[in-house]
Each structure stands twice: as structure tokens, then as C-alpha cells.
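Below, each structure is written out as C-alpha cells.
One chain, chain A, links the two complexes that follow: it is found with chain B in the first and with chain C in the second.
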Partner chain A sequence: MDFLRPTHWRDALDAKAHHPDATPIAGGTDVMVEINFGRRRPSTLLDLTGVPELTDWSLDDGRLRIGAGVPYARLIDELGDRLPGLAIASRTVGSPQIRNRGTLGGNLASASPAGDGHPPLLASDAEVEVQSLRGTRTVPVGEFFTGVKRHVLADDELIAAVHVAPATGAQQFSKIGTRNAMVIAVCTFAVALHPEQQRVGTGLGSAAPTPRPATEAAEFLAAELTDTDQWNRPRPLPESVVRRFGELVAATTAPIDDVRGTANYRTHAMAVMARRTLGWVWNEHRTGRQQCA
Partner chain B sequence: MRLKFTVNGRQAEADDVWEGESLLYVLRERLGLPGSKNACEQGECGSCTVRLDGVAACACLVAAGQVQDREVDTVEGLAGEDELDAVQRAFVDAGAVQCGFCTPGLLVAADDLLERCPSPSDSEIRESLAGNLCRCTGYEKIMDAVRLAADRRAEEARS
Partner chain C sequence: MTSQVTPYAIGTALQRLDGRSKVTGTAPYAFERVVDNATYLHPVQATIALGQITAIDTAEAEALDGVITILTHVNAPRLASTEDRELAVLQTDRVSFRGQLIGAVIADTPETARQAAGLVRISYAQWPHEAELSSERSDLYTPEAVNPSFPADTDEGDVDTAMSAAPVTLDTTYTTPLEYNNPMEPHTTVALWNDHELTLYDSTQGAHTVRTTVAPVIGLDPERIHVSAPHVGGGFGSKGIPHAHIVLAALAARTVEGRPVKFALTRQQMFSLAGHRTPTIQRVRLAADTDGRLSALAHDVVEWTSKVKEFAEQTAVPSRNVYAAPNRRTSHRLAALDVPVPSWMRAPGECPGMFGPEVAVDEMALKCGIDPVEFRARNEPDVDPETGKPFSSRHLVECLREGADRFGWHHRDPTPASRTERGWLVGTGVASSIYPTLRAVSTATIRVEAADHYRVDIGATDIGTGTWTALTQIAADALEVPVGHVDLRIGETAQPEASVAGGSTGNATWGTAIVEAARALQDTHGRPPEIGAEASGTTPNNPETERFAMFAHGAQFAEVRVHADTGEIRVPRMLGVFAAGRIINPRTAHSQFIGGMTMGLSMALHEVGVLDTRFGHVVNHDFAEYHIPTNADVGDIDATWIDEDDPYVNPMGAKGIGEIGIVGAAAAIANAAHHATGIRLRELPITPDALLR
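On to the complex of A and B.
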């Protein structure tokens, strides 16, 4: 096995171009498990923890650019106020040790259907900045995943950063697991209100082969809020609207039975989580106070 | 590959390190530091918790090559020449050690918590130790130990 340790982003791209089969490693929270258990024997490991460019984030033209190597712990500490949905999701990841090491870029590259960071990124219309020696491209996060643990990256490409707008409205996230720490999600749901665009964002996790938005549910809710002039003059939501939102979210799922839960349970739970998180964001929209479970 | 890094303030070297092996394997099998325990090898149990450049991490999930030129602190580095660290003493005094397998990881995690947060609330202690499994104690004595260590450190700081 080769071990490559670039110390500049340009060298990392060069290394990936010359070793297209190299497995990138950052926090190691997925890659090392596979190696420890003999499930994977990469010919080359490409260590990205020595690349300082990946660990920065910045605000450019009103949009956040978060380096792929920023760990969950820093998303919580440094960006929790601007990206509350992603911060709530990050707090549910593993344990302090895992959140110190696991990165947003690694979460995307692993492309697990149960990745905790994906639903809030979907709900906020994030984009993935992908680079290679050939150049840079930007992929909407909804188009990034192509299947279970599969994504659109070419062999010579690496994830450079995630671009996402700071929250302009309430955001929430809900995750079901057997305990509060160290669990792979049974299913997850994220919702974000975008009042300035009169739009709603959603993201489902662990409920289909890839993370996906609940587009119909989001459009239904946004239209309902616009038609009844609730964006500017919010009132308690009618029970029928909340219920319909949950039904439409549940209808978006394409889950499987596995060791963590059944398909039926996931579909049912998704409707419950959609109703609850909608209640939380709507209360926050009305009162300005964040709620949590 | 050859590996050079700092362990508990001292320069360490290991030769013929396989590129896919973990920091935990290097510590235990190559450097004779078996304090960090090897259990789950998937970051679930926390018994291999060390600090890498001051940040708590599971040594089983760090690739050996990732610690080149970095600083690692293990449980072996907690005690002084002749006496236990306040956290270790508190675990003994509170009866927080039964079989002892999880203890090294809990000590490092608790020490890391108290450094960041000298007087943690119960919920902060629980949250900080959520990645460290103990199958003996039921955690109550461990909670007692962390509170005791926090009190003693505060006393030491005052005196």
C-alpha cells in the first residue's frame, strides 16, 4: 500500500490525477473501519489532513464556502448560528471523538444513504465544489449522489468545498436511532424555511438509496403559506396542512428493510418526523425562538 | 514506511509500519504503550481514545501515516513521575473502575472535557463521555469520578 501525504491542495489534485485508484482519507471514521475489518485494501491512501486549504471556511458574496476537511465539531462551534440545521445534524453524529475527526467532505464522499449531513444540505440547496487538474465544477447536492455509496466524482476528482447560503429562516433536523450517540440513523429528516424566497427546503436520509428532497411536500407547504399570506403574518398552521405535509414526505420514501428498521417503519416515522419538525420550525418562525425535541 | 511523531512529549519512531495500520496498533504493538485499549476497531467504544494535536480522537480510526510529525498524548502521559493525575485519582476514589478495560479511554476523555470545561454540568459530562462504553459500572460512579476530579482541580487552582 502507498501512503500519499500532500501538504498543498494542488499537490493533492496532482496525486489523485496520477493515482486515480487512491482512496482519499480525512477523519478516517469510514475508511479506517473498512481497513480494520479487512473489507477494503486500497492500493493507495491519499491523506488529506495535511492540506490546510481544506480546513478553512469563508463567507463570499453572501454564501458560505466550507472546506471539505472541516470536521463536525467545528461546524457546530463556528457555524451553528448560520447553519442551524446542519449544526443540529452534526450534533447527532457519533460521539465527541468522531465529531472531532469526521468531515463534511468525507460524509459526502462516503455517500451513505444514512449520512447525517446530507438532509440539511439538501434542505438548504447546498452545492458541492469538485476539483481536479482539469478544472472546477459545482454539483447541486441533490445531483451528487447516484446510488448507495455512489456519487458523481470522477477518478481524478476530489471534493474541495461545500457552498451553502446562511439560514434566513428556521431550520430543523430529526434523527431516529436506538440511542442519542453512536448510531447510524434509522431515518432522518431536515426542513428549512426560506422566507425571503417564500420557499421550503427538505431532505430525507436513510429512506431511499440516496438522500433526497421531498419536493412535492416542500412545494405544497410553500404554496399553502404563500396563498394564506403566512410568510409575513404567521398563524398556527391548520392540522390538515401539517398532516398533508407529513403524508407527502412519507410518499417520497423508497426505503428497505434492514437490521436497523423495516421499510414500513421508516415510511411511518418519516411522516411523524416531518410533522414534528414542521411544528418546530413554524413555532420558531412565529416566535423567533428555536425549539428542540 | 518509517514513522516519526511525538508521544507524551517524547519523540517516537517506528520502522516498517504498514500503511494501512492504525495509530492504535502503532502505539500498542510497536511502541509498547498498551494503555490505549483495542476493542471495537470502529470508533464505537472509545477505549482507544487519545489526543491528536490536543484533540480527542479514537486511535483505531487514525491511519498511522496521519500522525507523522504530529503530537499524540495517551493515557500513559496523564500521571506524573510519582503520583496519579487528579482524574485518575478520582476514578480510584469514586470506585469508577471495575474490570478496567474502558478506564484508559474514559480517563483521556474526562481529562479532555475538564480541560475544555473545568466545571461541567451533568449533561455536559454525559455528552462528553457518550463515545466511551462501560459495561460494568452503569456509569454512575464514572459521573461521580468526573465531578470529584472537577472539584479537586478547582480546589488545586484556588490554592
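On to the complex of A and C.
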């Protein structure tokens, strides 16, 4: 097995171009598990942890650019105020060790239907910045996943960063697992309010082959809030609206039965989490105080 | 009455004597033994559940740099005895379960051994296998005895007639799943064969057990086998009966004579090679009058064993001793399947066997409209229902009542699903625990090295339970000296023969041997004995067992919260109250109790081996998918005990406590979940989807 360890981003892209079969490795919390279990035998490992550009984040033109190599622990500590939804999700990932090692880029590229980073990125309309020697493109996160553990990256491409706007409204994330920590999600749901655009963002995890937004639910809620002029003058939400939101979210799922839970349970739980998190964000929107589970 | 040791050190919360060496990493575990010129073994395992090996191609593996040799059934040394088919490794081309040891690579590094093992090509003739347990199987059979030597069936009175005569009856089936012991330290062995002597540094619950088990298999005089296990990182029964990997390591060591062979099972390998708890299907029938007095109790169990070797878990046995019921029936039926060999797992028998009946009793109490604590008290027997002997001591009802007081049971509205707090349904549940008080035979030697230095030797084991500390306390009191004067040595076959750390018999057995040795020392050498004096003592038969039935008892209480909308389940609070004779060391005892209860919580909510019956392997064979609780799942778990004076069990008046903590814990949680939600859970583990209406 060859082991490549570039120390500049440019060299990393160069290496990937010349070794299209190379497996990038960032925190290694997915790659090493796969190697350990014999599911993967890469001919070449491309270690990205020596590339300083990947571990930076910056705020340009009102948008955050988060390097693919930023680990969960730093998303929580350094960006928790600007990206509360992503921070809540990050806190549910694995254990302290995993949160120190595991990165957002790795989570995206693993493209697991259960990746906890994906729903909040969907809810915030994040974009994935993809680079190769051929150039740079940005892919809306909703178009990044093409199937279970599959994505749009070409053989010579690497994820450089994620672009996402800092929160302008309340954000929440909810996860159900078969135990209380160190657990792969049975299902997850993220919601974000974007009051300045009078829009609602959503993201579902572990409820379909790929993470996906609940577009109809989000549009229904946004229209409802706009029609009743609640963005600026919020009142308690009618029960019927909360229920409908939950139903529309549940209708977006295409889950399976597995050892963690049944498809029916997932669909049911998704409606519950949608109502639950909507309750939290709406309360925060009205009172300015964040709620926690 | 057994003459009692006056407790002085006994009963004090002495800190673990091995604690410092453990937390500083200097306590040697088996695999860490520093040996010269080590080789490493990686096994080759069968990838089919049943069949025959037709060809083995080791060429590619042998070509790897650093591979010393590869053993298969073709070239492995012949064993002296293949009677124990679990241990008869590499003796035939037959594959009897998926994951079976069918080869071994010995190499200079663990990485090379592992890589080479992956390069060994095996061809099989595959035969149809059977791995599906069901109570409908036509081939269920009655074992001659259940673990270790109880009758498989008992029948007293007439259950059927009592069932048809009683105003309140219950006939329900409960199940517990395939479960794995999963001690933190995997099974590891370092084997060195030199000039007809075999040395094993092994992670085992009994150094002497390994010696006496391995000796006839490999055909060595037991005196030529030296086993060392001073520190063991947990066993929970899986290191009690020596498993095949030890024999494989011994064969490998013989092959590379003079060089030590290091062999550590991976977590995944442990799922096919280190034993497991059979799934159980338990039909429970109860009959009672409207006052809740049981007239009949029947417990009929279906479970599995391996075709390779029979292990019959004694699941229905606790039903013979817990409650008074004149008409009583228990039975065990086994399906022999093409699965790995089941074995002991913490409280074999009592642990699964107190799930079904203790949930059934909760159901019955509700049917009779009687509080579950009171229902149990009403069925308290005067004498052991099975033998008719009085109990040497029994405080089950006291445990239940004390627990109820401490837990706040009396404020409880018995109506299920009657309490909601911020979207969470809240309930409480109770269950009884019972565990037999047994002892085995061991020998201890004490030698006076100096006026303040008593060396105590006994080949006992500390599997993390606190043996180093507790036996030192017992020896100090037996010798009537401060603990600082006792120099205990355990964990080696070089020490006098001692029994396995199993069946919660350790302290009772080893402690009694030490007391006997101390008495012999004082009897022959006076008080204080002169320097250089030495004496031995052996655990005698306890004549009191003719007169008395001996058990430890306990009561388990749990609070459960179930989210009304998602079925998420939390256990914020558990309390165990036990009556287990004299507690030798409250600190280590508390850890044993709450550790057992935590394992019971794990059984209730998490543990299940998902067997893919098509291929005969467990899909979730690692800690990523075979869940045990995390810290965030464990709430406020506490244990306490009732001071129990029992002069009949042994000179310390102590009953075993290593296992009773797990007994009944899962039932208490299932009962609490019912109280919270009104949903009766008869199948473990309890998952959120089961708690949604």
C-alpha cells in the first residue's frame, strides 16, 4: 500500500490526479474501520491531515467557508454560535475521540444515509466546494449524494470546503438512536428558520437512501408563516400546522427495516421529530431563547 | 454450625490492593507478558456453517515474508484426546459451525500472521445446516442434566389440574436473545513449549482449570503444564470453561518449540470462539387464588446447544426455589444446532430464567389486583420448595420491603400509563433475585516468613472482582493479624490447586481453604506460630448442606421513562437490595452489585446477537453494532444490602455476590416499562419500536 502525505493543497490535488484510485484519509474514523474490517483494501492512501488549508475556516462576504478537514470538536467550539444546528448534530457524533478526529469532509464523502452532519447542512442550503487540477465547482449539498455511500465526486476530485451562511434564525437537530451515545442514528431530522428570506430549511437522515430535504414540508410551513404574517409577529403555532408539517416530513421518507429499527418506526419517528424540533425553533424564534432536548 | 471467623478486616471497605498497579499499567495481563523471541498466531476460521474442507491452499500465505508455519488439520499434531469436541482443534476436515478454527498462521509479527491467514484458500463441500431455534422444532430433546448437574425436568403435584381449578391463571411465553459475555480484555494466551513443559500465560477464570482441561487433550502430565493468570480483565463466565483457542495456542507452541506463541482473539473472533448465552423461549404458567397465592408454577424452556458439544443452560432451575406453589413443573428442551458452543455467561440459568417468571409474576399481581411487592411476599415459602429443607437464611421479603421504602415505591399509582412528565411516561417496576450459595474445593498454604509476614498461596483468580483484596482480608482475620501482614499470592498453577472463579463460589471456596490453613497453622504451631512454620488447608465438605438450602436473594427496583411519541426508553434510576450473608468488602461488593445491575440494564435494552440463519454467523459481531450501554444510558444505579447472619454457609458467613446483581434486573425494567406505558414486553431487548402503540 502506498501512503501519500502532501503538505500543500495543490500537492494533494496533484496526487489525486495522478493516483485516481487513491483513497483520501482525513480523520480516518470511517476509512480505518473499513480497512480494519477488510471491507476496503486501498492500493494507495492519500493522507490529507498534513494539508493546513483544509483545517481553516473563514467568513467571506457573509458566508462561512469551512475547510473539509475541520473536526466536529472545532465545529462545536468555534462555530457553535454561528451554526447552532450543525453544532447540535456534531455533539451527537460518536464519542469525544471521534469528535476530535472525524471531519465534516469525511462525513460528506462517506455519504452514509446516517451521516449526522448532512441534515443540518441540507437545512442551511450548504454547498460543497469540490476541487481538482481541472478546477473548482460548487455542488449544493442536496445534489451531492447520489445513492447509499455514493456521491458526485470524480476520481480526481477532493472536497475542499463547505460553504454555508451563518444562522439568521433558530436551528435544531434531533436524533434517535438505540442507545444514548456512540450510536448510529435510527433517524435524524434538522430544521432551520431563515426569517430574512421567509424560508424554512429541512434535512432528513437515515430515512432514505440519501439524506434529503423535506421540500414540501418546508414550503408549506414557510407559506403558512408568511400568509399569517408570523415571521415578524410570531404567535404560538396552531396545532394543525405543526401536525401537517410532521405529516409532510414523514411523507418524504423512504426508509428500510434494519437491526436498528423498522421502516414504520422511522416514518413515525420522523413526524415526531419534525413536530418536536419545530416546537423548539418556533419557541426560540418567539422568545429568543434556545431550547435543548 | 460452621465455626465463624471473627470479622475485623472483613467488612471494611479496603481499597483494591491491585488498584494502583492496574491504573498505572504495571499489572501484567496475559498478552502483555514480556517474552523473548515471540511469534504471533492468527487463526483461520471456517466461512461455512456445516460441511467438509475439500482443499487447502497455503502456498500464497507461506510465501509471505515472516510466516513461520501454517497449521491445518492436514499437518497439525494429533491430540491425545478428542473427546471434548470443542477443544479438538485441527483434527478433522469437518466444519461444524461458522467461525470454527480450521487453521493457524504463526508468524514473526501479528500483522504478517493476520495477512497470511487472509491468504489461505479453503475449498469446502457445503452441507445444509440448521441454525434456527423455535419451540416448534420436531427434534427438541431432553438433556440428561442441565448445567452443571441439575435434573432437566421436575414435576410436583399436578399443574394442569391446578390451572383449571384456579380463578386466576396465566399462560404466556417470554424470550431472551442470543447474548455475548464480551469482557473488556479479549481471550488471550501466550504459550511456550519447551522440553515437554508447556507454559501458558492465559486470560482465564481459573489457572488450574486450564491445566486440568488442557492436559488430557494434548497428552501432557498436568504437572508439566504451568498456567499463570494474576490479572484478568473480566470474564463473565466466558473464561471459565477453557475454549478451543487455548488448545490451538498449545499446538502452535509445540510446533515452534522454544519460541513463545502469542494469540489474542479479536472482538469479532470472540463471537464464535468464546461462548455465548443461548437464546431462550420460556413458557410460564401460573395459577393463583384471588388473594394472589400461587397454586401452580410451571416453567418450560426451549433453548439451543451446539451439535459440537452440549451445554444446557439451567434456565428453569430458579423456578424450583423462589416461590411457594404446591404444584410445580419445570422442564428444559434443547435444539442441537450447527452453531458455536454456548457456555457460561454471568448467572447462567438464573439470569435468563428470572426474566420470564418475574415478568409473569408482575402480570399475575396485576390480574389479582395486588401490589407486586406484596404479591411476592404472599408467596414466600417457609422452606425450600424443591427440597423441603429450611433455608440457611433467606431475606427476600426483607429486601423487597426495604427496597420499596428506599425507592419510594409506596407513592406509586399502580395503574399503568398513569404518570406523564413533559411528554415522558414514567413507571416503576420490581423483580426478585436469587442465586445459589455454592462452594467448590480448593487448597491454601500459609507460611510464616517473618513475625509480620504471612505468605498465603492459593491458585485462585481475580477477574476484576476484587479477589486480591477480599482474600487478603479473610486471611488477616483467619490469622488474627492486620491485613498488612498478609502477603497473598494467587493466579498460578504453582500455587495449591484452586477452583475456577465461577458460580459466585470464589470467596466462599478459597476463603474457607485459607481459614482451614490458618487454623491448621495455629493448631500445629501455636499462636503466634514460629517463623518458618507452614500449614495447608482444604475446603471441606459442608455438612450443613444436608440440613439447609442455601441461596442469596435480592430485590431489584427500576424507574423507566418512555417517550410518549417516539418510544425512546431511559432508565434514570435502579436500586438493588441484596441479602447475601456477610459482605467481605463493601467497596468491591458494591461494584459487583451495580456492575451486575448495569449488565442487566444492558440485557434489558441493548444486547442481542443478530444471527443470520442463512449463513450461521452473527451479523453484529463487534461493539459498533452489538450494543452495551454507554455512560449516557446509565443513570443513578445503587445497591445496598441487608446484614445477614448465616453461620451455616462457611466460616466467613459470606454468600457469593458476583452474579446475583444481574438476576432480575431486566425483568424489573420490563415491568417498569409496562407500568409506564401499559405495554407488556415479553421479548428482550426492549426497543423504541416495541413501545409505540
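By our rule, the second predicted complex is superposed on the first by the 293 of 293 C-alpha atoms of A that agree within 3 Å, B and C clash if a C-alpha of one lies under 4 Å from a C-alpha of the other, contacts with A are read in each partner's own complex, and residues count from 1 in each chain.
Throughout what follows, a contact is a pair of C-beta atoms (placed from the backbone, for glycine too) under 8 Å apart; a residue touches a chain by one contact, two chains touch by 3 or more.
Predicted, not measured: the structure shown is a model, and the values here were computed from it.
In the superposition on chain A, A:Gly261 makes contact with chain C only, while chain B stays out of contact range. Once chain A of one complex is fitted onto chain A of the other, the partner contacts of A:Arg101 are limited to chain B, with no touch recorded for chain C.
With both structures placed on the common chain, the touch criterion links A:Lys149 to neither chain B nor chain C.
Once the two complexes are laid over each other on the shared chain, residue contacts for A:Ala269 go to chain C alone; chain B is not touched. In the superposition on chain A, A:Pro42 makes contact with chain B only, not with chain C.
Of the two partner chains, chain C is the only one touched by A:Thr178; chain B is not. Touch counts on chain A: comparing chain C and chain B, the chain ahead is B.
Across the superposed pair, chain B and chain C both touch chain A at residues 33, 37, 180-182.
The residues of chain B lying in touch with chain A in their complex are 1, 18-20, 22, 41-44, 46, 49, 55-58, 60-63, 65-66, 68, 109, 112, 127-128, 130-132. In the complex of the two chains, the chain C residues touching chain A come out as 118, 565-568, 570, 605-606, 610, 619-620, 622, 624-625, 627, 629-633, 687-689, 692.
Remark: chain A residues 33, 37-38, 176, 178-184, 186, 259, 261-262, 264-265, 268-269, 272-273, 275-276 touch chain C in the complex. Those residues of chain A whose C-beta lies close enough to touch chain B in the complex are 1-3, 5, 25, 27-29, 31-33, 35-37, 41-42, 45, 47, 49, 94-98, 100-101, 180-182.
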